[in-house]
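I am attaching a structure below and will ask some questions about it afterwards.
The chains carry the letters A, B, C, D, E and F, assigned in the order they are written, with residues numbered from 1 in each.
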Amino acid sequence: MTDTWLTSLITKTPQEGFELAITLSRRGVKYTQPNPEILHKLRPEYAEDADSLIAGSEVVALNFQTVAAANNYWR
Amino acid sequence: MTDTWLTSLITKTPQEGFELAITLSRRGVKYTQPNPEILHKLRPEYAEDADSLIAGSEVVALNFQTVAAANNYWR
Amino acid sequence: MTDTWLTSLITKTPQEGFELAITLSRRGVKYTQPNPEILHKLRPEYAEDADSLIAGSEVVALNFQTVAAANNYWR
Amino acid sequence: MTDTWLTSLITKTPQEGFELAITLSRRGVKYTQPNPEILHKLRPEYAEDADSLIAGSEVVALNFQTVAAANNYWR
Amino acid sequence: MTDTWLTSLITKTPQEGFELAITLSRRGVKYTQPNPEILHKLRPEYAEDADSLIAGSEVVALNFQTVAAANNYWR
Amino acid sequence: MTDTWLTSLITKTPQEGFELAITLSRRGVKYTQPNPEILHKLRPEYAEDADSLIAGSEVVALNFQTVAAANNYWR
């Protein structure tokens, strides 16, 4: 990928940090499957499946650990 | 999402921290599937399935790691 | 849940810490499925399935990481 | 469980630490399924299944993270 | 493997760090399956499967935790 | 196991550290299934299956976190 999408892990609030964790999780998918049409086609497969949604939330939790540590937990 | 739902990771007690970890885990799902009707329909799929419940508890454990570190483990 | 079940992550010994990690893992399930009858019905599904038992042990390992860090590893 | 099986996370060598991580992983299973006959019966189910063996190694990796940190990585 | 592919975890930007995490995740596969033909043949199996893509993103998240810590979160 | 296979987590380079993480991941399997013939028989089951390869890479990522921390990230 040649576009710049991540220049800092620092966010103003925990919620923005959580949303950055969402972005990181999605980018982790896009590096493997960059084709937006295939990703769109797969959407019902995971967005309407409980186990896929839980697995997605696990990836977000891992990335939120990183972002939260980077921001010293917004203390 | 435009609503504000997360302004701090600091909680008064470990139990409130655990409950915040539950909230983070659910939000991790809602960012992918924001439709409450679909989420409601999926509920029996995971709330009555042992493996889904264990997977859900794993996401909570990861988010609790973050919240506990943020609170310096309520020492 | 309105009952108080978690007031501290500090334990006297590593074994008590491990047992607290078990409690945290079970609570992570109960917040999603609070009905004890359903949980009881699901028991054979996971307690006699190797993969579910391994997944359960993974959740315990994650929560034990948190409890052990909270106790400075009982050094 | 009433027996004492874990009094310290400190080990003399990294290898003993790894072996303690194995013990922790097995104990995480035994707290859920303490019946040794059932555990014995399940053995071929996971010990001859590649995915179960990989999942088991993941639990060991998580517990080894804890033990290694407790021992300051035996530096 | 005899080639040198990893001499440092330090990167100039978070995005380069994320891309290094992708590399680490792929290398973790190649050490087990070094045959490029088999890897190529497996590609549709995971690149067009939602659950495999989420699992891949989880590995990236774990490796990104390591790279981010190495770089002191590019603070 | 009576042989000595792990005397230190310190390595000269990040790549040697990654290779140690591979070793730790394999040892995590061998403690459960020490029979080399069974392990050999299982090889096609995981080495030609995308999901098993991704799961294997996840275990390596977890062990690499430990080795990297032990080496202070080779900074």
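The working rule: contacts are C-beta pairs under 8 Å (C-beta built on N, C-alpha and C of every residue); 3 or more make two chains touch, one makes a residue touch a chain.
Small disclaimer: the values here were computed from a predicted structure and weren't measured.
Engineer: Taking a step as a move to a touching chain, how many steps at least join subunit A to subunit E?
Structural biologist: The fewest touching-chain steps linking subunit A to subunit E number 1.
Engineer: Taking each chain's centre as the mean of its CA atoms, which one is farthest from the centre of subunit F?
Structural biologist: Following the centroid criterion, the farthest chain would be B.
Engineer: Copies subunit E and subunit F touch; is their interface built from the same residue numbers (over half shared) or different ones?
Structural biologist: The interface of subunit E with subunit F is built from mostly unshared positions.
Engineer: Between subunit C and subunit E, what distance separates the C-alpha centroids? Give it in angstrom.
Structural biologist: 31
Engineer: Centroid of subunit A to centroid of subunit B, CA atoms only: how many Å?
Structural biologist: Computed from C-alpha means, the inter-chain centre distance equals 15 Å.
Engineer: On a C-alpha centroid basis, what's the spacing between subunit D and subunit E, in Å?
Structural biologist: Spacing between the chain centres: roughly 27 Å.
Engineer: Can you tell me which residues of subunit F touch two or more of the remaining chains?
Structural biologist: Counting only residues that touch two or more other chains, subunit F contributes 46, 49, 51, 55-56, 58, 62, 65, 69.
Engineer: Examine which chains touch each other and state the graph shape they make (line, ring, star, complete, other).
Structural biologist: Looks like a ring, each chain touching just two neighbours.
Engineer: Can you list the ring's chains in order, from subunit C toward subunit D?
Structural biologist: Here the ring, read from subunit C toward subunit D, comes out as C, D, F, E, A, B.
Engineer: List the residues on subunit E that touch subunit F in their complex, please.
Structural biologist: The touching residues are 1, 4-10, 24-29, 31-33, 38, 42, 45-46, 49, 51-52, 55-56, 58-59, 62-63, 65-66, 69-70.
Engineer: State the interface residues of subunit E toward subunit A in the complex, per the touch definition above.
Structural biologist: Interface residues on the subunit E side: 13-15, 18-19, 22, 46-51, 53-58, 60-62, 64-65, 68-69, 73-75.
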